[in-house]
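Quick heads-up: structures coming right below.
After this come two complexes, each holding chain A, first together with chain B and then together with chain C.
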Partner chain A sequence: MANPSPTFPFPRRAPVRITFGLALGILTLFGLVPAVAVLVVSFTDLRGLPYIPVHWIGFENFIEFFSPAHWSDNLNALVNTLIFAGASTIIQIVFALGIAILLNRKLRGTSIYRSIVFMPTVLGVTVIGLIWSLMFNPSGGPAAEILGWFGKSSAFLGDPNLALALVTGVQIWAIVGVSVIIFLSGLQAIPHELYEVSSIDGASSWSQFRFVTMPMLSPAMTANVLLGVVNALQSYQLTYVLTGPSNRATQVLSLLVYVQGFGGKSGTTLSQSQGYAAAISMVQFVLVGVITFLALWYLRKREVRL
Partner chain B sequence: MIDLHTADDRAVRDTSGSYGPVRTGGRVALFFRRSKLGSYTLVAIVTIIFLFPMLYLFNTALKSNAEFAANPVGLVQHPHWENFVNAWQQGNFKDIILNSVLYTIAGASIGTFIALVMGFPVARGYIRGRKLWNALFVLVLFLPNALVTQFQLLLRLNLYDSRLGYILMVGVGVGIGPLLFSGFASSIPRELDEAAASDGVGYWRYLFTFIVPLAKPALATVFILQAVWIWNEIILATVLLADPSKFPVTVGLYAFKGTYSNQWGLLAAATFIVAAPLIVGYVFLQRFLVNGVLGAVKG
Partner chain C sequence: MATRQSRPSWTFRRAVAVTAAAGTLFAVGACGSSTAAGDGGSSVGTPSASGSSGSAGDIKGDLHILVSSADASDAAFRAINEAFSAKYPDVKVDFSSVPNDSYPATKSSRLTANNVDIFVVKSLVEVPEYAKGSESDDALLAEGGGLVDLTNEPFMKDYTPSVLQAQAFKGKQYMVPTGLSYSTGVYYNKKIFSDNGIDVPTTWDELVAACDKLEKAGVTPFGIGGKDEWPAGLLMLGSVASLYPTLDDKQQLAKDLWEQKVKLTDEGPQGVLEKVAKIYSYAQKNFAGTGYDQIPAEFAKGDFAMTADGTWNEPTIAAAVGDKFDIGYFPFPGSDNADDNKFLNGKIELQLAVSAGSKNKDAALAWLGFFSDPANYKTFVAKSGFSSAEPNIPATDFLDSIADYTSTYQPAWDQVWTANNKAGSQAVYPFNYPAIAPMGKDDAAGAAAAAETDWSAAF
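Moving on, here comes the complex of A and B:
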């Protein structure tokens, strides 16, 4: 090991190793083994039911993923995933920055507003999904009522052209609070002197925002972009609750894993290839890895430049 | 949206305490920049965006089917409190809430235990290969979607459709926990270890009776972050559990929606039953949650 061997003050090392080993064992068996096994399973024809022989089929699942029969569905899910992740991250960060700056003013009860904005994080997807299904209820929800004033109507989540946008909107509503808190802590760490000095130099409020606030916020920005993208690329629970597991308009990769591996529709367990579902997991894993790496690379470069 | 954006400039001005030349914007924009009233207007808009859906849910929960049909959007005229009683009984919410409480407490306890007994020795270098273990703590944040193999593993261990199996699966979903805790453990002075050890205190006694009380806020944060995740988990529960009597609230509520999709009053009441304990708990626990989010970012 590179680091110098640290002194160990306690009489015996065995207790350290026993509890550490126990925890590592549980974590490995139930956490790491399934994660690694996904890669292995993606090369097999494993099915949902036990005691059916499993065969090694090489890259067949991956070939199937890109085959004409599946590619249009998969491309659709891939594009939805990217749109959902990109749009929700960017819009959410713009809103979060605005709200954080607003709450950073000396107003009464900012901690209450902060709590309210953060609350959806605790409510969870099922409750959020039901609340917004109610809001977007096509027959007599508030959204339908407002459209009605203009003599229009919409199926909202049932409208294939609108569903993804609405799910993205609900996702933003649900997670913006986390970004607000990260931005707020960043804003509070900016020394006041910077603003004083720059205003003596005659900087306009815009250039103060551009050249003082934004650079000082860049670590918070990096955290928010990464957290947002990684989270959105893998999130599918809200989509599942709002529009169901096999809605083409809002299908995302991680939900496709569920649909392929477990049907989503009951009674067809035999035909579901879990090997194929594992292959989709791997495609998604690579996608998340590449995008995370690119985002990190870009953000680090940007931090240095600022 | 535009209003929020002009608010950005205003905040800069506020903290500087001086008023430089205004770049652009008409009278409306000026209103939001300059006046306290403008700030409060914006805050009110934000608050409404977040509170209205919840208040609307409560309003709907008090409507009978007939009233909802006649007047879906308006304020409730004849509160129909029976909705809560009916939802409670028809959805079997007593059992599924108890399930969720069990899964959440047991799962988050396993996760917090893992964070404690792995994070502390790694932070101290009491276990060889510090860099390797730290890399592992980061790695667990980026594991692939393992739905298929998690299901297969429990199936092969005879833990499919068992409470224990589900608890173990959500328990190892430690997320940021070990990383967060090992970061915190580095801030506890090493001299304390040495002092305790020279007084003849063994490692376990030290860890559980000295470190645990000292690290209570950090452990609470780790616990709550994971607890929120487990309480809201729905897909793993759908895949790993088959018997409705073992469902957590998320799956139960989703199933309830499937059954009573046209009775919005009843459905809203059921949603409210699930949401209410969360809101109450949140009021008391938000400090830890906020700390957790910030700690997670710094770590």
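Moving on, here comes the complex of A and C:
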């Protein structure tokens, strides 16, 4: 039995060890083991069906990924992923900050507004996809009606020039709620005295925002940016539901993995290899890892500076 | 101050916590094996070649069937299942139908978990010499012994020999053909045609003239469900069917493309894309955002005069149109020569195979035998809209009306072409119809050039 110490004020460590060990065990089994398995599979030509022999083929999958034939598809997917992730993260954080500042005042009905803002996060991806597919129905949907007042019409999600922008917009709508909650809790932790002191010193609202609110919000900002970036770089569910897996205008890297691993386009004889899909997801892992590490390094530096 | 002795209430609370944690673990672990528990009553099948001759009393247990979904065929399968359960009351039939796009994933996971007995196989064909290395998953599955060999099953004799010959794999039969369907035709609204004095077009020029006439009269000529992408591909199949009419022509084109003797930017292949682009220009506004499922309703409303669709969808279109007007069907006339446009191209519809790891082969073979029995197959064909794969089955009125176009079975281009995994995705079909505006951003020449770049990069 351990004595209580400043760092661990409980008499026994056994409960912590048991529960932590259980959780770590589950996480290892369902998180780490599949991840390592994907790394191993990326060096084989696994097909995902029983009775088909599996061979170890080394780096052939990676060579094929970077080969000239696939390069234009992969570049297209990479560019789509970066645009989608970048735009949705930046815009949703700006919106979330604005909404959080508005909701932080003492208005009547703040809880109703908060529920409305948070509701999209609670709806499932399929429900969101269905709602917005119906909204963007070019023959008679609400968006088509509104455009009709201006005398225009559009194919919305079918238009290759518009599709990515629309999907990004729906993604922002769907995830802004979580960021708002994080910012709200950060805002409510800022002591009021700081605002009083700064206004006595003659600071305008904008100066207060720049020199009081933003620095005190750094931890919340770090959390939001990291969560947003990692999520957005891997997110494919909304794109899949709204525009399908093999639409060139909105195909992101995760969808490339999905199409290769779980089904070529219907109506083709393209055969799928899950080994190649695993290789693509390894490349995506490296991409996400690098970007996340850079973001984390910059944000930590910023926090320390303040 | 915390005591070192455990109070009774703490012990109780700890016991509850541990039990809850263990219970959660157990429930999570047991979730995945619930289907295995359900198989407890099935007879462990020794592979029997005459399983279908077992009496109704021997066949019992669970039977899992997985098919890819289409409204009409789903209803037809359910009717068969009801009749089957009436004849074999001890078998519990679990039928799932999954949309086309998610079918490969579902099939893969269910085969790996080994809880499917009968399922649909796609592209189980032998690839030609020049395309070795591009076998489909199901071809590899058959080669690896994952499908039960059905060649000597008694129920295979019910099927038309030419159909069986067309689907033989390395001389053996691995699947039951549920029917034939034709993919290169065009449904048309007879009332709109007669109101505007238009006859059924038999050449490309006649089709273009008819479309121009309809546009002048303020009627949209064509309806396409572009959002799902593949319905626009039916136009591509129709063009290939007219520009390369016989099976030999198509096989020669495939061989020449693989051996790089013909380029996708040559006159013939690019001509296919030019015809598709022309029809796009006659289609309804913003068709790239219209889903395939909306087309029957809009056709019934009279929003457009024609739509390129397959005979599998006839029950749905007829149900949507009802009594409003008569509908007809003609082959897509992509050629200037009327003789080339005479026949519809088709494919063998859903092909059912039995998994070699199936836990209930007796029931699976009994089901297939029941399905193939002409008395039951008749109901299936009537409900599903497929053409019959068995001889002497009475056809629906609609199929009788197109009998001239289907007197010789011609496989469509997508049955002849082998896609190349090593080529880029714009050369899959390989005619790059999704890239043509407004589905994509190019014109016909640009789409053909992009496809040629992707195709030749594979060699």
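Please note the rule applied: the second predicted complex is superposed on the first by the 268 of 306 C-alpha atoms of A that agree within 3 Å, B and C clash if a C-alpha of one lies under 4 Å from a C-alpha of the other, contacts with A are read in each partner's own complex, and residues count from 1 in each chain.
The rule we apply is simple: a contact is a pair of C-beta atoms (placed from the backbone, for glycine too) under 8 Å apart; a residue touches a chain by one contact, two chains touch by 3 or more.
No experiment lies behind these values; they were computed from the predicted model shown.
Participant: Regarding the shared-chain residue A:55, is it in contact with chain B (first), chain C (second), both, or neither?
Facilitator: Once the two structures are laid over each other on A, A:55 reaches no partner at all.
Participant: Looking at the overlay, what does A:156 touch: chain B (first), chain C (second), both, or neither?
Facilitator: In the superposed model, A:156 contacts chain C only, not chain B.
Participant: Applying the touch criterion given at the start, work out whether A:300 contacts chain B, chain C, both or neither, answering first, second, both or neither.
Facilitator: neither
Participant: Is A:102 touching the first partner chain B, the second partner chain C, both, or neither of them?
Facilitator: first
Participant: Can A:22 be said to touch chain B (first), chain C (second), both, or neither?
Facilitator: both
Participant: Once the shared chain is lined up, is A:64 touching chain B (first), chain C (second), both, or neither of them?
Facilitator: second
Participant: After superposition on the shared chain, which partner residues are touched by A:121: those of chain B (first), chain C (second), both, or neither?
Facilitator: first
Participant: Is A:202 touching anything from chain B or chain C once the two structures are fitted on A? First, second, both or neither.
Facilitator: After superposition on chain A, A:202 lies in contact with chain B alone.
Participant: If you tally the residues of chain A touched by each partner, is the higher count for chain B or for chain C?
Facilitator: B
Participant: State which residues of chain A lie in both footprints, the one left by chain B and the one left by chain C.
Facilitator: On chain A, the residues that contact chain B in one structure and chain C in the other are 1, 10-11, 15, 19, 22, 26, 48, 50, 137, 139, 262.
Participant: Quick one: which bits of chain A touch chain B in the complex? Just the residue numbers, please.
Facilitator: By the definition above, chain A touches chain B via 1-3, 5-6, 8-13, 15-17, 19-20, 22-24, 26-27, 29-35, 37-39, 41, 46, 48, 50, 94-95, 97-99, 101-107, 113-127, 129-135, 137, 139-142, 145, 173, 178, 181-182, 185, 187, 190, 192, 195-196, 198-199, 202-206, 208-209, 212-213, 220, 223, 227, 230, 234, 236-237, 240-241, 254, 257-258, 261-262, 274, 277-278, 281-282, 284-285, 288-289, 292.
Participant: In the complex of these two chains, what residues of chain B are touching chain A?
Facilitator: Touch residues, chain B against chain A: 4-5, 7-18, 20-23, 33, 36, 39-40, 42-43, 46-47, 49-51, 53-54, 56-57, 60, 68, 72-73, 110, 113-114, 117-118, 121, 124-131, 140, 142-153, 155-156, 168-169, 171-174, 193-194, 196-198, 202-204, 206-207, 228, 231-235, 238-239, 249-250, 253-254, 257, 264, 267-268, 271, 274-275, 278-279, 281-283, 286, 289-290, 293-294, 297.
Participant: Which residues, counting only chain A, touch chain C once they are in their complex?
Facilitator: 1, 4, 10-11, 15, 18-19, 22, 26, 47-53, 64, 67-73, 136-139, 153-161, 244-249, 262-273
Participant: Which residues of chain C touch chain A once you look at their complex with the stated criterion?
Facilitator: 2-4, 14, 18, 21, 25, 100-105, 108, 111-112, 114, 123, 125, 134-137, 140-141, 144-146, 226-230, 233, 284-290, 294, 298, 303, 356-357, 414, 417-419, 421-426, 428-429, 434-435, 438-441, 453-454, 457-458
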